[in-house]
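Below are the C-alpha cells for one structure; questions will follow.
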Amino acid sequence: MRLSARNQIKGTVVEVKKGATTSHIRVDIGSGVIVTSAITNEAVDELGVKAKDHVTVVIKASDVMIGVG
Amino acid sequence: MRLSARNQIKGTVVEVKKGATTSHIRVDIGSGVIVTSAITNEAVDELGVKAKDHVTVVIKASDVMIGVG
Amino acid sequence: MRLSARNQIKGTVVEVKKGATTSHIRVDIGSGVIVTSAITNEAVDELGVKAKDHVTVVIKASDVMIGVG
Amino acid sequence: MRLSARNQIKGTVVEVKKGATTSHIRVDIGSGVIVTSAITNEAVDELGVKAKDHVTVVIKASDVMIGVG
Amino acid sequence: MRLSARNQIKGTVVEVKKGATTSHIRVDIGSGVIVTSAITNEAVDELGVKAKDHVTVVIKASDVMIGVG
Amino acid sequence: MRLSARNQIKGTVVEVKKGATTSHIRVDIGSGVIVTSAITNEAVDELGVKAKDHVTVVIKASDVMIGVG
C-alpha cells in the first residue's frame, strides 16, 4: 500500500519498550538520528516489531513543526 | 525553550512553498533524507524561514507510525 | 507495507477537491458513511487519487475522539 | 455542541480496555467496520463509556491519511 | 454531545481568515490569550462561525506539548 | 528555539500524574483555565517537570477544533 503521508523514512528498530497499553519504539534512521514512535501494544504484537527489524517511520506533514534558533 | 516532543532533528531548509494559508517546508536532515512539514504561512513569516536556513524539525512520538514489509 | 495505525478502512473515492496546497478527499466506506481526508496536493498527484478509486482510509487510534449523547 | 471536525460517525461500543492512563475503545460503526480510539482513562470515567453504549466517533480531516493499492 | 477531549475552553471569535480550503480562526479565551485554530472552510460555512461568536476550543491532551525554560 | 506552532501559552503546572509510559500534566493558564497534556514519562523526567513549575503549553493550529452551541 502506498500512502499519502509525505514522510516515510526507512530505519532499524533499536528498542521496543512496552507500557500498559502504549509502546515506545526507537528507530535509527541513519546518521545517528533516532526517531521515537508511540504506538499501541496491539500494533506491536500484530506487526511483530522487535529490535533490529527494518521498518519505515511514517509521519504526516501536518504533524511536523519547525523550530528556529 | 526545551520541549517535551521526543523528536527534534536538526536539518537545512531545501524549499519553502507557500499556499493560500498553509506552507510546505522541505528540510534535509542528512543522509539524503528529506522531511516535509506543513505549517501556517503566518509561522513562516514570523520565523522568517527560507531555503538554506538551519532549523529543527519537531515531531511528537504519538504522531509517528511504524510500517513493516 | 503493513502499518501500526489501528484504523485501516477500505472505501471508494467520491470526490477530490484541490485547494492551493491541501486537497480534501471524500471516501465512501459503506453504509452511507463518508470519511473526509485532508492531504497535500502533492500526495494526490503522486498517488493519482481520483473519484471511483478504491482506497484505504488510515487513522491512528490516538486521533479518534469519542462523543456521547 | 456542533463541531468543526469533518468526521462524526455514529456507532456502538464493542469493548473498553483500560491501561494505566490510556484506554482503548473499540466502536462498531456498521458494515462490520470497527474503529479503535485511544482516549484518557479520565475521559472514559467522566463520560461513563461502556460496552453497548451508542457513541459518536470524531476525527479531524487532517488526521485521515489515504492508502492506495 | 459530550466529548472525550480533555481540553474544551470557552472563548470569543476574534477573526476568521479563509484560505483556499483551510481557514484560520482566532479565539480569545480570556486573560488576553488568543488560540489559533486551522479548520476546513466547509466547517466554517457549516457552523456559520464569524467574529464575536461564542465558541468552544477543543483540543485532545495528546496534542498538547510542554515547553520549559 | 522559536517554534512554528501557533499556540504557545504560559502557565503553571498543577499536577503531574505518571502512567506506565504516558504522563498527564495539568497546567493552569490563568482565569481558572486548566489545560491537560499527555506526554511521555521520558519527557517528564528529561524536562524535570513538577507541580508549580512555570511552563509553556504548545499546540499546533491544526490540532485545535471549534465547537459551537
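Should a chain be cited, it is by its letter among A, B, C, D, E and F, assigned in written order, with residues numbered from 1 in that chain.
One rule holds for everything that comes next: a residue touches a chain if its C-beta (ideal position, glycine included) is under 8 Å from a C-beta of that chain, and two chains touch if they have at least 3 such contacts.
Everything quoted here is computed from the prediction, not taken from an experiment.
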Open item on the list: With a step meaning a move to a chain it touches, how many steps does the shortest path from chain B to chain E take?
Closed with: 1
Open item on the list: Which chains sit in contact with both members of the pair chain C and chain F?
Closed with: A, B, D, E
Task: Distance from chain B to chain A - Cα centre to Cα centre, in angstrom - done: 17
TODO: Indicate the whole-number Å distance between the mean C-alpha point of chain D and the mean C-alpha point of chain E.
DONE: 21
Open item on the list: Using mean CA coordinates as chain centres, what's the gap between chain A and chain E in Å?
Closed with: 29
Task: Shared interface positions of chain F, touching two or more other chains - done: 1-6, 19-22, 24, 36-40, 42-43, 47, 49, 56, 58, 60-63, 65-68
Task: Full enumeration of touching chain pairs - done: A-B, A-C, A-D, A-F, B-C, B-E, B-F, C-D, C-E, D-E, D-F, E-F
TODO: Give every residue of chain D touching chain F within the complex, in rising order.
DONE: 1-5, 19-22, 40, 42, 60, 62
- [ ] Provide the residue numbers of chain A that touch chain F in the complex, in ascending order.
- [x] 17-24, 36, 38, 62-63, 65-69
Task: Of chain A, residues touching chain B in the complex - done: 3, 5-9, 24-25, 27, 29-31, 33, 35-39, 43, 47-49, 53, 55-68
Task: Complex contact set, residues of chain E against chain D - done: 1-6, 37-40, 42-44, 46-47, 49, 56, 58, 61-62
